[in-house]
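Two complexes are shown next, each including chain A; its partner changes from chain B in the first to chain C in the second.
Let's turn to the complex of A and B:
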């Protein structure tokens, strides 16, 4: 436990240093925050536009889909904020910068994450939180959700950060063998996350199986929300969700540790 | 002298896969067994004692960096073992790197946009250096490297020499018993080089830090190292002192002798070449074949000797000869490489 605390305090110190370095270029932060909020809000405008044409999407109305969208946005926004270096991991492999992480007496992942954060990406999460609040409010008014269930949704949104994070960790670890992973990361991250903006029931069975059984993006929002909205599943969805996500995260970390051993560094 | 860094039959084979573009290409590369093998390090063994200052030489691509990276736990050997202070860097990475300082001359570990102090403080926290120790270390290094003046300057504004000084302090901050230096003087001017050499000599003597240094700068080796290891084509071709390396290569030593009167007749003796200019004679001889005393004895038959000047072969020439011989790896040098301790 003391190891964990010292790791955490070191991470925070490192993040502080990263922030100080960022503050050399102050203007970027506010611009970035607004930019990401607006950019990601357009995503939802598109979904909303679709829903005005087809008021019910697989039996879900705009507020219900908004719940899914909000949760996914919070999770990915937080991941992009805290996992900035993981998202840009190819550089560490191509330039051999991973060497420096292995030379520090700490877990490489912790050292890596501490080197940079992108707080402007919070704009994305913020935008998701606003849409989530609006939709949750409406669903409480209509009596579909109670306060406790909304609390669960909020907690699941935060915990759900582990889903895109683990996807990124898994694909970054593939890089220890193949080096070039930018495209793979984009592919494995964006397609499933975009898919998770809609109820998975609109997809064919094989895709639904893929998005819950293999890449557990379904557990980031759809699986628990489906049950909470009374559209299927059972109470198991509520406790299975954190278990699956935690399990997937552990699996991804295990793969990362395995990959470390295969790191080939660079020529010189 | 007890060993602090050991390599036992160390080997690293890289499999270079064909580069394929795109996601599918990357995935295929993951499973394919195509490609060729490169033996970067091909079975080398050595043992470095506590407090030794060892130079590690070799042409580009000979396997120097690969060796260092295996010693530091960055790479996993294909076979063989590494021991640093009795521990395997591959199995106990964190414990080993606590005992290590590493400096790569061509890239800094410091935070680019922040003052040097920020990086040092972060490192102190990372290695659990107590505040009192931290201050004492900074004070000591300020005396040796005059870093006080650059502590509050952002790293990106430092000159190359200043940055190297900052990197050296960063590497020594947690007082590691072993430090690996990869080209620490590369690109520096003469003054900066001299200062860094003085620092290295000082910490090696005073703190007893064991240092393994790779360099292309022969002055680094001549001035600092009590022992040299030479690697070529992934194999150790020499391990011993600098003097022994000169002998092993058979690079000619030169002796210039001044006679009281110009000597007569063709000069015959154990030398390989002789040139005469009045009373002065210069002979080149191979130290592996005869000693300087024998040369003097032979020369003294041609008259009374007034003065003698010795010219040892430049280590640069020695290295050139060493690398210039493609067969050197398996050649006569192997027999001489037992010079290590």
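Let's turn to the complex of A and C:
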């Protein structure tokens, strides 16, 4: 445990250093931030385009779907900022760079994550936060949500970043056996996260089961929001959500450790 | 490029040129064959994206009068067609492999070859497109065919127009990707250009939202840009919502993009010569 704690403090210092390094180029950072914000907002533009033409999507209006979209964007934006190296993990396996991490007397995952951050990816989280605020504001005005519920949504957005994180960790860990995982990432990460922008009730049963039970992106936003908007579920959704996410993260980390023990260098 | 050395030699040279282009395509095709298993995983992801989009459209249009020509069943075919088309005209090698050549310096040698660089890069990528259509597009088409059925155009002429539209779509996709790739000669990295391309594609190609359903003024913008030629126009022809007239704008864009590609290739060559590459 003390090894983990010292690993954690080292990680925090590495992140600070990496952030400082990136901030040396303030112009690049601000440009990147705005670029990511504007470019990723296109996804919401598409949702809005559909919902301008057709008022509802499976009974959800544009503000309600916007809540789902905003939460997912904040969670994935934070993940892409802090999990940059995990996201690009295939490179470590293909080039044998993972060996260098094993030499450090710290948990490999923290060493890996501390090597790089991409603060400009916060642009994605930023546009998500803006859309979330606008939609939450509207839903408060119409009396659908109260302040406490909005606070829950905000907290869940931040905590929800563990979901894409754990999905990435699982994908990376599979790499310890099969090396090439970039294609798998599309299946495990991109498709489920995109699906989570919409209410899961519109999907066929098997897809809904996949998105809540196996690759649980549903807990990143849909499960608690569905209850908060009075569209189904029960109060259990609110406390079950963090439990499932935490459990999934532990499972993913356990799988990572298992894979690590199995790791054999490509020797390049 | 090549010194003229009598007409029979010229013929032989032209023939071996043809072989060189064809060979580069075959090589690219073979290279992909090695990763068939990994690609099947990606096919599953593509299929899930497709089912997701179909579900979204069914939920949105479900008996709604605003659907107009775009009903739930039509949109299912629209989505299926475009999920397959993605592998023909959008999911290509990043920058057609040019940035890689710029990074390693191999670009200098590639430009030295007695081949037309633009044509060489395009034919090499056509090998990948062929592979993609066979090992990604076809399995996807079968899956979608089983789930939502296959739409078969009723008019014979439609098949001809569709063939032209798909060819134009692939050519325009290749040229756009070529422009991204050749920009590496100046910028060294194409991440931003690539990201911009995918964003514009998402918004303006009509692969998910048919562009005439976009709110103003986005629909007009989308009509003017080349991205509609990738998905919107071929899909309209396939579903017989449009005829041969839908080929005019894509054909114009194909001509414009050809000029742009040729122009930038000349400029790139000059820049490399100045650099001494």
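We adopt the following convention: the second predicted complex is superposed on the first by the 253 of 268 C-alpha atoms of A that agree within 3 Å, B and C clash if a C-alpha of one lies under 4 Å from a C-alpha of the other, contacts with A are read in each partner's own complex, and residues count from 1 in each chain.
Heads up, the rule we're going with is that a residue touches a chain if its C-beta (ideal position, glycine included) is under 8 Å from a C-beta of that chain, and two chains touch if they have at least 3 such contacts.
This structure is a prediction, so every number in the text was calculated from the model and none was measured.
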First, second, both or neither for A:71, with chain B first and chain C second: neither
Touched partner set for A:102, first chain B, second chain C, both or neither: first
Touched partner set for A:14, first chain B, second chain C, both or neither: first
First (chain B), second (chain C), both or neither touched by A:50: second
Chain B versus chain C as contact partner of A:58, first or second or both or neither: second
First (chain B), second (chain C), both or neither touched by A:183: both
Touching partner for A:263 - first (chain B), second (chain C), both, neither: first
Chain B versus chain C as contact partner of A:174, first or second or both or neither: first
Which of chain B and chain C A:162 touches, first, second, both or neither: neither
Contact residues common to both interfaces of chain A (with chain B and with chain C): 180, 183-184, 187
Touching residues (chain side chain A, partner chain B) in the complex: 6, 9-10, 13-14, 17, 20-22, 24, 99-100, 102-106, 174, 177-178, 180-181, 183-184, 187, 261-265, 267-268
Complex contacts: residues of chain B adjacent to chain A: 14, 17, 22-23, 26-27, 29-30, 60-61, 65, 69, 72-76, 90, 93-95, 97-98, 100, 102, 104, 106, 109, 111-114, 118-119, 122, 125-128
Touching residues on chain C, where the partner in the complex is chain A: 35, 38-39, 41-42, 44-46, 48-49, 51-52, 55-56, 58-61, 64, 66-67, 192, 195-196, 199, 202-203, 208-209, 213-215, 218
Parts of chain A lying in touch with chain C, wherever the complex brings them together: 35, 39, 42-43, 45-46, 48-54, 56-58, 180, 183-184, 186-187, 190-191, 194-195, 198, 202-204, 207
